[in-house]
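Both complexes shown next keep chain A, but they swap its partner, so chain B is in the first and chain C is in the second.
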Partner chain A sequence: MQNRASDIYGMMAEFKTPEQLVAATHAAKHAGYSKMDAFSPFPIEEVIEEVAPGDTGIPRLVLIAGLVGASSGFILQYIGNIVDYPYNIGGRPLDITNWPSMIPITFELGILLAAFTAAISMVVLNGLPSPYHPVFNVPRFERASQDAFFLCIEATDPLFDRAQTSAFLRTLGPLQVSEIAH
Partner chain B sequence: MAQAQPIRTSPPSDPGEAYLLPGETYASITSKIGDVPLTAPLKTPRGWLLGFTVAFTLLMVFFASVGWLFIRGVGIWGINIPVGWGMDIINFVWWIGIGHAGTLISAILLLLNQGWRNSINRFAEAMTLFAVACAGLYPILHLGRPWLFYWLTPYPNTLGMWPQFRSALTWDVFAISTYASVSLVFWLVGLIPDFATLRDRATNIWVKRIYGVAAIGWRGSARHWHRYEMASLLLAGLSTPLVVSVHSIISLDFAISQVPGWQVTVFPPYFVAGAVFAGFAMVLLLMIPVRKWYGFENYITMRHLDVMAKVMLATGMIVVYGYFMEVWASLYGGSTYEEYLLFNRLNGPSSWAYWGLLFCNALAIQPLWFKRVRQNIPALIVISLLVSVGMWLERYVIIVISLEREFLPSSWAQYHPTFWDWSLYLGTFGLFFSLLFLFIRVMPMINIFEMRLFQYQESQRLQRKAHDTHQAHGHGGVAD
Partner chain C sequence: MATSTLPRTRIPQLNRLQMLGIGAAVIGLALLAVGFTLSPLQFAESYIYGFYFAMAFPLGCLGFLMLQHLTGGVWGISVRRMLEAGALAMPVFFILSLPVIMVAYNGPIRLEHFIYHWADPALITPGSPEFDPLIAHKVPWMSPIWFASRMVIYFAIWSTLAILLRTWSLQQDRGTDAVASATRMRMLSGIGIALFVISVTFFALDVGLSLDAHWYSTMYGAHYMVNAGLSVLAFLLLALNQLRTAPLIEEHVPTKTFHDLGKLLFAFTVLWTYMSFSQFVITWSGDVAEFTPWYVKRQEGGWLTLSLMLMAFAFAGPFFALLGRKPKRSLRYLGVIATWILLFRLVDISWIILPEFHATISEVSWVNLAAPLGITGIWLAVWAWNMQQAQLLPLHDPNFDSLHAGGHH
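For the complex of A and B:
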């Protein structure tokens, strides 16, 4: 019972420097661990490449949102000033040949929707807001937003074993290793 | 247990050359910047209290001016026919121009991978937001019946009417509201990891909870950073064309009209450069005292001031080129009205404004070619003040001088700003500085996580450099 991996969220090691965290992430990857996450007070490119390789999906969403925003902006103006309420201003054409004057608003609405999508999809895909998360139980985890660097091997990893994983993390020169309660 | 990160920023031979002075660690950066908003209310610095009191007093001037305007209408201003756009539009363009430097620093310099921007971007973005807030009020107040401002937006209405999308004034509505919204989103996204830092450092439970809510559970996960960095990059990529478009569209308010001096094709790029020029002057004016009062000289170094002065000089020279092109268009355009406009600018009743702008924007920036001037704080303050005045005069010249002498001499008239024009302008300073003082009191005014990142990148760079030097020595290369 006590050794069941599912009782805990994972195993967390704390490191003193970003270089140590980079080395530890490489080592864990090399040892075959796949379900892990690192926590650092600033983004570290080398760690991100190991822990979260691949596509975020955000650029595609932003592109779609931008196109939707721009085309709805254009349609809005087309309906407003050409279909529904044509009004002669300085002899400007009342049909589609008037498209140049529609460009500014088309552009602005494209940017508006794309920018909101970039921010909102980052938050939502990250699973935020999440007021509670098991890693907050780790002692000294409040330093993860200041000057400490953490590596977590999650209990769902096929290679995860309480004793072995703990022993493995201790070989990487951490300041401390602790189990993460759910 | 304090984490003593080894100091790896090598001491530069000249402190004027470094973007981050040595002796800083991740912990020292975090505590120095993060503790400013966490100061207990009773320990608020006296300087802050004094500054906020002055700003708040001016904010009352703003409310009084707007209140009187609502009671009496726009007749309390100096605007007349033909000068229907007076100080309200001058100040609108002036304020929004100031905001553009913030977006330039936060977006364009991010795309160009300029790490030094990390220590000034948060403050500059805040300046953008507050300047846009001041700017956005002017066209609404100028409507005469400001409570009907929502008529500018396309909404289903019983009148069966639509806004006129062919008008540059409607483009303005969309450009400025998009600019304000996107700047706000960009700024808030940048604040999330720093709110997490404040949450983790706060000792008071209520303060912790407030910053905790603002941090939306940020935990610095590498997976989160991955998406975060991508979103920041995209926001920067979107803000860059946005900022260029906003001031271009504002310049079209003038450029698509028929008025002499307004109908110039150089307007969009010339306005954008002018905006960045005025904005950098304002960033310098605000940064110089703030870095001194809060002891941030290690983060906002002389090198930063030097580089900002260079940007100011470069954009200033683009603006001077714009002045040259205006003169050229007047002389070469073959239009009597355009020729007269030049004569009127140089000799007319408001020629003081044109000569003043040439002095402030063309002549006064020339000393910035010299490094000694760029790294001299009193000189930078004087030049930045002159540039701020000069850019205000530029809008005065464009708007007022052109409108005072339009096509028909029978409709010529002089423009004289009244007390309420000036009091509203002064009042928007109150709004701007009140917001700015509140911002530096409750939020980290320098982006903490980006400063840590900058520290990390600098240490990596120096390590590589040391490694290369070592290699060169090992192979009998030339010693430095």
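For the complex of A and C:
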């Protein structure tokens, strides 16, 4: 069981160029690895396609929040302008047929809730704020935001094996391969 | 001059589209001719409606052509040749605009009444029993001679832009000074897009909005531009569906292009809704007697059905159909949505123009549909012909390699 290694976070390989990172990600995916993450100074679409966890749930949350925002905006105005304070303003009708004038606020509240949900759920579901993360134990990792490209295979991957994964990553032409301590 | 001849595109798909265009043009114009013998007035009404609808294609192509020169991006390089071919129909559309000018003059064929009321001397001559001071106030801006002059100016601007951008793009194809050509096209597009927005706004006010000489809306021109954008995006996706198997397209155009066009189609759907609805809600909130009749007309005589259909099928339908990410990466799926959107462009323009001619929707006859069919057919045929005069992609564009790099550089 020593190779199953729950005492490390994963295995990290550093690459020199974005092309190498793209090729390595493709190779890792091809080899069957699924729990991966990549780090680069700028977003690389092909890499995102491979390492993205699929359904993040955020689109659904945003849609629900948008619909809740829109309907609450409409109901709020309906109660205020038609049920509780039915004032004649500019001769417009005092029933539901005055719906067009309620659309701007309905729209605004829909956008407001959707946007807040998108931003907040992105932060929360990413596990932020996170003062400590094991990947920063890798030497030179701070270069990931400047000129270095990293691919990490996590220890929770069903195929993960200390020796084999390390050997596999070495076949991809990295500058270095290191174990990530917890 | 063997060195200056450029490779042309001879593929069956373009031939088919050209035949389709010619077929639609012949059928449409034949029906229009029959309509003319039945009632010259109906012919003229159909022609204005058809011209306003079909003009969205060359205009949208020219607008997006300049836009993609300014923004760059994979989608722009992928569809540039299609946009050039569409915009290059501008001189043909100048000729097609002549009947509209004749209608404004109400001559040489005299119709039962003036379609553009502001041209009617009885309405603008002080002392006449039908004198309308509100319309008389708009003379001379609204007078046949200025209407005609402005049309000439619009088409001069648009034709010049389209021809210059195409010429320089073909120079780039010859491989000499590709970067200089790209810079030149970008510079012209910067000036051109400003001219475009101003001229298209006035064009829409002249041809469309002035049918109701009392009404005005500052959003009308923007609405027409967004309509043109939607029409052209939908057309591009349909054309790509046809051309997908062409060698150059298959080799170079990535999925990202369809995805980007899908995103633009979504954005323009929302923008169209925004323009249409804001115009309405501002009028609704203001509730001023001069502005409401335009909308009142569209809530009576069966036109309300069309208004509600536009909300449900021109906004809500495409909005939810294009919301997801996966569908936008499938060209076939986008083709279905694009067909739908094109159909509702026709409904939208009907809703904008036809209530000015017919108080009830039941008065609309087949003659009304002859002109949009015929004039759009002419445009499609010209487009397909222009497409065959050059290669399907600008292979010498300095950024051509970005098609293969995922577009992130």
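The definition used in the following text is that the second predicted complex is superposed on the first by the 177 of 182 C-alpha atoms of A that agree within 3 Å, B and C clash if a C-alpha of one lies under 4 Å from a C-alpha of the other, contacts with A are read in each partner's own complex, and residues count from 1 in each chain.
Just so we're on the same page, a contact is a pair of C-beta atoms (placed from the backbone, for glycine too) under 8 Å apart; a residue touches a chain by one contact, two chains touch by 3 or more.
Keep in mind that what you see is a predicted model, and the values were worked out from it rather than measured.
A.B. asks: Are chain B and chain C a fit on chain A, or do they clash, once the structures share the same frame?
C.D. replies: They clash.
A.B. asks: Once chain A of both complexes is superposed, is A:Lys16 in touch with chain B (first), chain C (second), both, or neither?
C.D. replies: In the superposed model, A:Lys16 contacts chain B only, not chain C.
A.B. asks: Chain B or chain C: which reaches more residues on chain A?
C.D. replies: B
A.B. asks: Where does A:Arg92 make contact in the superposed view: on chain B (first), on chain C (second), on both, or on neither?
C.D. replies: Both partners, chain B and chain C.
A.B. asks: Under the stated touch criterion, which partner chain does A:Ile58 make contact with: chain B (first), chain C (second), both, or neither?
C.D. replies: Only chain B is touched by A:Ile58; chain C is not.
A.B. asks: Touching A:Ser145 in the superposition: chain B (first), chain C (second), both, neither?
C.D. replies: The answer is first: A:Ser145 touches chain B but not chain C.
A.B. asks: Quick one: is A:Ser101 in contact with chain B, with chain C, with both, or with neither? Answer first, second, both or neither.
C.D. replies: Both partners, chain B and chain C.
A.B. asks: Once the shared chain is lined up, is A:Ala167 touching chain B (first), chain C (second), both, or neither of them?
C.D. replies: Touch partners of A:Ala167: none, neither chain B nor chain C.
A.B. asks: Who does A:Ile44 touch here: chain B (first), chain C (second), both, or neither?
C.D. replies: both
A.B. asks: According to the stated criteria, A:Ser121 is in contact with first (chain B), second (chain C), both, or neither; which is it?
C.D. replies: In the superposition, A:Ser121 contacts chain B only.
A.B. asks: In the combined picture, which part of chain C sits where chain B already is, 37-45, 379-387 or 397-405?
C.D. replies: Given the superposition on chain A, chain C and chain B clash at 397-405.
A.B. asks: What is the shared patch of chain A, the residues that chain B and chain C both contact?
C.D. replies: Touching chain B in the first complex and chain C in the second, residues 42-44, 59, 92, 101, 104 of chain A appear in both lists.
A.B. asks: Looking at the complex, which residues from chain B come into contact with chain A?
C.D. replies: 3, 5, 25-27, 30, 34, 154, 160-167, 170-171, 174-175, 178, 181-182, 185-186, 188-189, 193, 196-197, 199-201, 212, 216-231, 234-235, 238-239, 241-242, 245, 249, 252, 449-450, 452-453, 456
A.B. asks: Quick one: which bits of chain A touch chain B in the complex? Just the residue numbers, please.
C.D. replies: Where chain A meets chain B, its residues are 16-18, 37-44, 47-48, 51-52, 56, 58-59, 62, 66, 76-77, 80-81, 84-85, 87, 89, 92, 98, 101-102, 104-105, 107-109, 111-112, 114-116, 118-119, 121-123, 125-126, 128-133, 135-136, 141-148.
A.B. asks: Quick check on the complex: what are the chain A residues that touch chain C?
C.D. replies: Within the complex, chain A contacts chain C at residues 42-46, 59, 63, 90-92, 100-101, 103-104.
A.B. asks: In the complex, go through chain C and note every residue touching chain A.
C.D. replies: Residues of chain C touching chain A: 256, 277, 280-281, 284-287, 323-325, 406-408.
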